[in-house]
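First chain written, first letter: the chains are A, B, C and D, and each begins at residue 1.
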Amino acid sequence: MTEQHPRWFTHRLRVRYQETDQMSVVYHANYLNWFELGRTELIRELGLPYRELEARGLLLPVVELESKFKAPARYDDLIVIWTRVAEFSSLMVRFESQIRRESETDAEPSGFADKPEGELLVSGGTKHIWVNRDWKPVRVSKEAPDLYALLEQAGRGVPS
Amino acid sequence: MTEQHPRWFTHRLRVRYQETDQMSVVYHANYLNWFELGRTELIRELGLPYRELEARGLLLPVVELESKFKAPARYDDLIVIWTRVAEFSSLMVRFESQIRRESETDAEPSGFADKPEGELLVSGGTKHIWVNRDWKPVRVSKEAPDLYALLEQAGRGVPS
Amino acid sequence: MTEQHPRWFTHRLRVRYQETDQMSVVYHANYLNWFELGRTELIRELGLPYRELEARGLLLPVVELESKFKAPARYDDLIVIWTRVAEFSSLMVRFESQIRRESETDAEPSGFADKPEGELLVSGGTKHIWVNRDWKPVRVSKEAPDLYALLEQAGRGVPS
Amino acid sequence: MTEQHPRWFTHRLRVRYQETDQMSVVYHANYLNWFELGRTELIRELGLPYRELEARGLLLPVVELESKFKAPARYDDLIVIWTRVAEFSSLMVRFESQIRRESETDAEPSGFADKPEGELLVSGGTKHIWVNRDWKPVRVSKEAPDLYALLEQAGRGVPS
């Protein structure tokens, strides 16, 4: 049995000057901004931009975060953020993230891909829960069944 | 005739590592964050924290900004933000800001002072207008006369 | 007589969640990061990435900055940064910048364009001087004549 | 047997406007900046500012990071960063960090304290390795025995 959709979503960016620090590398907290960019673009690709989720009163704050830093990114590097839905339920979502460096010649458009490629710089993951505007947990399968269906599609084939 | 209140308010901070860039100096946009910190602390000192203003539905966005950069601040420097109300009306406020470096031995508590001291690094100013939550201009003398009275006190002696 | 190269360079980005503040708009200092992105991408397009300039010991710090904020950008907006060389000499460069909002359907690739289009949000400019690694001013026409020639090309037609 | 030095070091700050996002809470990556501030101030208190370490060619990049987010901090909150040396060897240091909210009336100067107090918002830890300017691992007990002695003092009483 084969999967219909590759599991990792890629999003490309260039390191901004402002993201460096005086060690001449990217300041470590910025990788976590990139994790978020990757999640955002994955959700957009699924068909439901995060902006619309918020407009419907659904927030998805980070409740857990872990990360390993193998090698630093540097100013002007071409970066690929790899993101996939690692786990989800009616109440939570867990994303897996990788930051990889790409050569100028390898640059491809963002999209889904089977297997991460490129030099691994940072890996990690974040766990999120669905809450409403008052920060009370909500059951997304009930509040937004269309969104839940999209997550099922994105998470298909992921071992529970 | 002497003024009862010195015109400049001082607020001290240390340069954070995250505020540096790979030129080994503070990234220039961060000075504008410091301008804001200075304004915030001045308003707090006047007796009406910005948080309370927002709770009352008053916002004070920046509409104009200008700045000159004389010398860079570096990691771990002791910085004094000098701020004063340069001009105000019922509709707007203009602040004047200076960023100065201080030696460790000169460190004094934050407060009002007559005349800026220390090595001048950055000078500038910001103009703001009062708006409500829908970003419509409001007349602060009408909407919040208590606040307006505080501004009159802070701006006393400033040439119109 | 017509110019061979349009004067404004455009670079597109999407507003990141991290760039918002609790007024639900982009925090004002972030527009200045975008100004820098626009300058960086213009310089890259000219054929000499800023990374290479730094590798040759040339830095281009901001010495003056001014900006007007007409309307706020919001999360997930599609933004176009418009940048052009407004003035330059052997010792300095002045850039002019505009931040404009674009509709999803208007999105075009980055490149040169004759005249800014889209809703104007922020306009401004920055003045820079060329310095070496010890922050001493350098004459770029002497230190890097190839770079100077590129600036002459980019600034062509700009009144001195 | 009693310890001579309490194990947690406290450092106070106020939430900056720029640290909020449009959820009206502190953007999650900023807590990691605060973790760093706490580590920096602990090291300063030990008698060897990080700035001096860098001047001696020693860098201490983050290699692992984990964090749990219990409750959000909000604009203008009074925050206490609690930091302690959880583990160290000649090659690495591991810090434990907590972000807690404090009431205005509880505010005390920064310093060492026996046991974390206040409302817990975020907890986590970071692992670091000592490297030189070329990012090669160094043995700090050899390269900087004075620093190593300070770490032994700070980590005293911590179960291995």
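One rule holds for everything that comes next: a contact is a pair of C-beta atoms (placed from the backbone, for glycine too) under 8 Å apart; a residue touches a chain by one contact, two chains touch by 3 or more.
Owing to the predicted nature of the structure, the values given are computational and were not obtained by experimental measurement.
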item	value
Contact-richer chain pair (by C-beta pairs counted) among A-D and C-D	A-D
Remotest chain, chain B as reference, centres from CA atoms	A
Distance from the mean Cα position of chain D to that of chain A, given in whole angstrom	27
Centre-to-centre distance between chain D and chain C (centres being mean Cα positions), rounded to whole Å	37
Touching two or more other chains - residues of chain D	17-18, 22-23, 25, 29, 33, 36, 54, 75
Contact footprint of chain A on chain C as seen in their complex	16-18, 33, 36-37, 40, 49-51, 54, 75-76
Partner chain A, residues of chain B touching it in the complex	17-18, 20-25, 27, 29, 75
Interfacial residue positions of chain D with respect to chain A in the complex	22-23, 25, 28-30, 32-33, 36, 54, 59, 61-69, 72, 124, 135
